[in-house]
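In the two assemblies presented below, chain A is common to both, partnered first by chain B and then by chain C.
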Partner chain A sequence: MADVLLSIKGLKTNFYTYTGVVKALDGIDLDIYKGETIGLVGETGCGKSVTALSIIRLIQWPPGKIDEGSITFDGKDLLKLPLRDMQKIRGNNISMIFQEPMNAFNPVYTIGDQIAEVIMLHQKKKKKEAWQDAIEMLKFTGIPAPERVAKSYPHELSGGMLQRSMIAMALSCKPKLLIADEPTTALDVTIEAQILDLMKGLKTTTGASILLITHDLGIIAEMCDRVGVMYAGNIVELADVGSIYKKPSHPYTVGLICAIPTLDTKHCNRLATIPGNVPNLIYPPPGCRFHPRCNKAMDRCSKEKPGWYKVGEGHYVSCFLYEGGDKK
Partner chain B sequence: METIAKKQSFINRWMEKNDSRIKEWRHSVRLFFKSPLAVIGLIIVIGFILVAIFAPMLAPYPLNWRDFALQNAAPSDAHLLGNEIYGGDIFSMIIWGSRTSLLIGFFVVFVCVTLGTLVGVIAAYYGGWVDEALMRVTDIFLAFPYLVLCMVIVAALGSGLMNVMIAMAIVSWPSYARLIRGQVLSIKERNYIEAARSVGASDWRIMTRHILPNSFSPIIVQSTMDLGSIMITAAALSFIGMGAGPGEAEWGRMITDGQSQLLNAPWISTFPGLAILIVCLGFNLFGDGLRDILDPKMRR
Partner chain C sequence: MKLRDYIIRRILLLIPVLIGISFITFFLSHMIGDPAAAWLGEKTIGQEEAVKAIRAAHHLDDPLPIQYFYYLNDLAHFDLGRTGRNEGGRPVIEALKDYFPATLELAILGMGFAIIIGIPLGILSAVFKDKVPDHIVRVLALVGVSMPIFWLGLILKYWFSFKFDIFPLDGRLPYTVLAPPKVTGMYTFDALLAGQFDTFFVALRHAILPSFCLGLITLAILTRMMRSSMLETLTQDFIRTARAKGLSERKVILKHALRNALTPTTTVAGIAFGGLLSGAVMTETIFAWPGIGRFSVKAIGSTDFASIMGFALLIVLFYVLSNLLVDILYVYLDPRVKYG
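The block that comes next holds the complex of A and B.
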C-alpha cells in the first residue's frame, strides 16, 4: 500500500447549541494515501463538510469543537499544533476549495491580489513575483486571458471562472492535500464536467492527494480511487470505487445505490427509497446509528456500535452482518 | 516636450491597467451627480472647508477685532451682517468660526471612528464574553441622554473648546462601535472569510484586510452625516455656556451672545444660526448622496 499522507483516528466533533449537543462526528477513522483521490459521500448533514473543516481546524468555537481524536499529517498531530503553525499549514500544505466560488472571494480585491496574497503569505516573495506566479497559476488552470482575469474583481467573472480561480489559489503553494468540498454543486452541468476534468488533470501534474466531498455518486465514480460512505457522523463503508458499485455491502450503501434512477427502471416501478428520516444528531440512536432505518437490523444493532469488518481487498464495512470477515 | 510625451504614455498605461476600476469610479460619480441634492450638499461642504482654510484671506476683519462704538450695529456696507454685542464684525466672526466648527467636527469624528472601529471589530470578531463586555460598556454610554452626558463631562473637566471636543468624542464613539460591530458580525460569516482562514491568514490579517474594507462604507456615510450633528451639538454646548467663552468667534457662542438682544438686534443670533443650518444641511445631503453610491442595494 502507498504511503499514508494524513491519518484521522477516532475524530469526534460536537456542536454545543442551545437545544443540546449535536454529535456531528462520531469517531471517524480515515487514512488518505499519497496521490490518491478519496471521496466522501453521504446525504446532507451527515458530517462530510464537518470532517473537511475539522482537518484544517476551521470548526468555529462557539459552537463547534473537536473533542476527541487525532489527525496526523507529516508526523504531526494537527489537533495539537499551536494556531500559528496551523496557519502555516493551511493553504500551504493543505488547502481547500469551497462549495460556492461566488462567495469565496473577497469582493473588494481583484482575483490576482487574492491569489498573490496567499503566495506572499507562505513563500517569501515580493508582490511582483507573487503576481507573476498568480497569473502563472491561472494559466495553469486553463483560464483564457489570465492577465485580464487577474485584474478582475470577483463580481465580473462567471461561476466557472471563479471556481477555476479558486482552484488556482488552492494550488498556488503546491499543497500535498487538496480538500474539495462539493466543488461543483453551485455550477451547471457543463461547467461541472470542465472543473472535474481540470481537477483530474491537475492531480496527475501536481501529485497532490484530493479529498473530494460530494453527494453525487456519479462524480465519485468518475473521479475517485477510493470512497467512504458517511451516515449520521460515521463512515459506514470504505472501499475502492469499483467494489462499492459492484458489491455494496452496508445496508445504507445498498439503499443509496438502489435509489439511483436508471433508464431501465419500469415506469410503473417507484424509485427505491430508504424508509425513515435522518436522525436528529442531538439524540442519535444508540448502537449503530443506521439501525432504525435498516431493513436487516438485529437486536444487538441498537445496543453496540459495530466495528470494522473486512469484506474484500481494501473494502471495509461497519456492520454486524459482516462480523464473520477479518477484523481490520 | 519629450517628458510630457513620456508622462502621457505613463498615464495611458496606468489607465489601461486600471480600466475596470476607472469605469466603476466613473459610474459612481455619475450616479452621485445625478442627484441635485447631493450636488448641493457637496458644494456646501467644499465651500465650507475652503472658507475654513482660507479664513484669514476671506475675513474682512482680523480675529478678535472689535469696535465698541459699533455694539449691536445693524448691517451696513462696512459690516455686511452687522456687529455683535461687543462690536465685532459678524461676517468675519462667522468666517473665523467655521475653523472652530471644522476642527471640532473632524476631531470628534476621527476619534469616534478610530475608537469605535477598534472596539466594534474586536467585539464582533472574537464574540463571546469579549463582545458581551464591550457591548455592555457601550450600552452604559448609550443609556445616558447624549447632551446631558456631554454636559456632565464638560462640567467635570472644566469648560473650554478642547474639553468639549473630548466630551463629545467620549459620548459619540459607542454608536460607531455598534455600527461597526453589526457590519462585522454579518461579514465575518461570509464564505470569503472562511476561505481566507483556510489559506492560513491570521486573525489580524483577516480583520484588517478582509473584514474592515468590506464594512467601512456605512461608517463613511455615518461620519459624514455626523459631522453636521456634531457641529450642532458643539454649538449647543457653547450656547449653554460650555465651550467657547463670551465674544469668541464660535457659532453657538455667537447665538448666545445675541440672545439678550434678540428683539432689537436680531441679526446677531440669526446669521450664525443660518450658518449652522446651512453647513449641517450640506453635510446631511452629501451623506445621503454618498450612501446612495456606496450602498449597492439602494442603487437602481
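The block that comes next holds the complex of A and C.
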C-alpha cells in the first residue's frame, strides 16, 4: 500500500457569498494510496463534499473557488490542468457517485443511454458496443434484468436500483479512484447494506481506490482501511481504522466516537455530546478551529494552527496535545 | 391511455369550452347596439318599418336567452350566421376561411421568430449569467415585453420601409404579383408548395415586419422563460453528474440541460400561440394585413355580432388546440409525463 495515487496538499477552497467569504477548506492534506478505501467523516458542513468536488474540480464559480493547494494525480497537478484535460480524467480515471441517486440521473434519458454516454466519450466506442458494455456493467453491480433496467427511465426505478446503476456508470471506464459522497444516506437500511456489500466487493474486483464520505462511523469501521476525521474545513486526525477506535486522539474524534452509544467507550467520560456549535466558516475561530468547543484547549490553541503530530504507526493528529510526538 | 383516445377525449372536452365562450361573447356583444340598425346603416332614419322587419326576421325581438338558443342551434349545424354590411352579408364561415390563413401565417412566422431567436438568447443569457451577454439580453427582453405593439409597428415601418426601403410598407403581396394557388391560404407556404419561389420571397418580405412585430412580445417572454428554466435546471444534481462524467460544457448544456429546460418553455409557447392570434388585431391594423384581426375590428365597428362571435370562437378553438398540441409534445419531451 505504499504507492500514492492522489495527493492533496494545502487545499483551500472558499465560497465568495454576499454575506462573506466561506472558508470551507482550510488547508487539507491527504494522500490516497493505490487500492485502499479511505473514509472521510465529520459533522454536516465540515467540508467533506467540498473536498470531493475540489478533487474533480466541480466547485462551481461563482461562488466557489479553489484558492490554494495542489492535487497531484498521475504525476500531474489537477488544479493546473486545462479544463479539456481535466474532462478527460473525470468519469474516466476519477469518477464520482452522489448522495441522492434519484436526482443524480437525468430524468429525460434512459439509464442505458446515460451509462453508454460515458463509455462512448472516454473509450471512443460506437453506440451499440457502448450500450452492450453498459448492460455488462449493470449486470456486474448485481442488477437483475440489466437489459430492462438499461431501457428504463430514472423515475421508473427504486433508489437502490438507481444507486447500483450510478455505481455501474462510475465504474464503466475502470477508474483508478472512485469518490463516493454519502452513497447510502438516502437509502433505507437493507438497501444500504446491499450497496455497501457491493462497494466492498469492488476493491477486490477492480483494484480501484475508494474515497468514501460519510458521517456514519459504523460505515467507516465496516468499509475502510484508513479514515480522516474532518472538522470545520480541516482534517484533524488521520489513522488506520483499527487505531482510531482503539486510540482516538484528537479531542473532537474522542467526542465523535463517544457520541455513538454502541461502540466501546472506554476513552469516554460518559460524555455523549460535544458542547457548542459548528463554527461559522465566514468568521472561523483563529488558531485551531475546534478550540472554542474543546475541553482541553490551551492558550496557544486560539493563536496558532497546530501542525501534524504522530501518535502511532500511520496515526497522525493535528493537535498541540501531542506535540511531543514526531512530526509527520 | 392511448394517444388517440387522449386526443379524442380532449377534443370532446372542447365542446363545453366553446359553449361557454359562445355564451359570454353572445351576451357581451349584444350590449353594443342594434344590429338591424347597423345593417341598414345611414338609411335607418325614416325606415322604422324596415328595421322592424329585419328584427322580426332574425328573432331580434325575442328575449336574449331565446336568441342565444337560436344561435346555439345554428352553431350545432356549423352555421355561424351571416356577416354584416361590409362583408356583404356572406356567411361568417366563408369570411373566416378567407381571412384566417393570413392571420395564421403571421402567427406561425411570429412564433418562428420567437422560438428561433428567443430560445438561443435565453440559453445564452443563462450560461453567461450576470455577465455582459446576460445583461444585454435581459435589457432587450425587458424592452421587448414592455414595447407597445402599435408604436413598435410604426417604428418598424418608418425605419425599414419608409427610410431604408428594405421591406414593403404593408399588405400581403403587391398588386402586380398573383397569389399562389390556394392550398392552405398562407401565401408563403402555398408559394413553396407550388414551387413559385419568386412569389415565396415576395410574400415572405411582406410578412417579415408584421410577423416580427406580432412575435416580439412572445420572443421576449420565451427568452425570459428559457433563461429562468435553464438557470433552474443548471442547479440540478444531474447536471453535476453530467460534468462529473467528463462531458464538455457544451454537451452538458445542449444535451443534458436543454431537454429539461425546454419543457416549461414549451408550455408557455403553446399558450402564447393562442395569444398571437388574438394579438394580431393590432398588428394587422397597422400593416393592413387582411386577416381575422382586421376583420374583427371592422365587425366591431359595424355591430356585426355574428362575425365578432365567429372570431372569438375561432380564437378559442385555436387556443385550446395549441394547448393540446403542447400537452402531446410534453410526453415526448419528458418521459415522466403520461397522458391522463
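One rule holds for everything that comes next: the second predicted complex is superposed on the first by the 318 of 328 C-alpha atoms of A that agree within 3 Å, B and C clash if a C-alpha of one lies under 4 Å from a C-alpha of the other, contacts with A are read in each partner's own complex, and residues count from 1 in each chain.
Going forward, a contact is a pair of C-beta atoms (placed from the backbone, for glycine too) under 8 Å apart; a residue touches a chain by one contact, two chains touch by 3 or more.
As the structure is a computational prediction, the values presented were derived from the model and not from experiment.
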Next item on the list: Report clash or fit for the pair chain B and chain C bound to chain A in the combined superposed model.
Entry: clash
Margin query: Per the contact definition in the header, classify A:A104: touching chain B only (first), chain C only (second), both, or neither.
Written below: both
Margin query: Which partner chains sit in contact with A:P82 here, chain B, chain C, both or neither? Use first/second/both/neither.
Written below: neither
Notebook entry, point to check: Touching A:M96 in the superposition: chain B (first), chain C (second), both, neither?
Noted result: both
Note to self: Between chain B and chain C, whom does A:V118 touch in the aligned arrangement: first, second, both, or neither?
What the structure shows: both
Notebook entry, point to check: Where does A:K151 make contact in the superposed view: on chain B (first), on chain C (second), on both, or on neither?
Noted result: first
Checklist line | Touched partner set for A:P275, first chain B, second chain C, both or neither | finding: neither
Next item on the list: Could you point to the stretch of chain C, among 5-13, 23-31 or 59-67, that collides with chain B in the superposition?
Entry: 5-13
Check: Which chain A residues are contacted by chain C in one complex and by chain B in the other?
Finding: 56, 58, 62, 84, 87-92, 95-96, 98, 100, 103-109, 117-118, 121-122, 153, 169
Next item on the list: Please name which positions on chain A make contact with chain B in the complex.
Entry: 56, 58, 62, 84, 86-92, 95-96, 98, 100, 103-109, 117-118, 121-122, 151-153, 156, 166, 169-170
Margin query: With touch defined as at the start, can you tell me which chain C residues reach chain A in the complex?
Written below: 130, 236-238, 240-249, 256, 259-260, 333-336
Next item on the list: Note which residues of chain B are touching chain A in the complex, please.
Entry: 17, 20, 127-128, 190-192, 194-202, 205, 209-210, 213-214
Notebook entry, point to check: What residues of chain A sit close enough to touch chain C in their complex?
Noted result: 56, 58, 62, 83-84, 87-92, 95-96, 98, 100, 103-109, 117-118, 121-122, 153, 155, 169
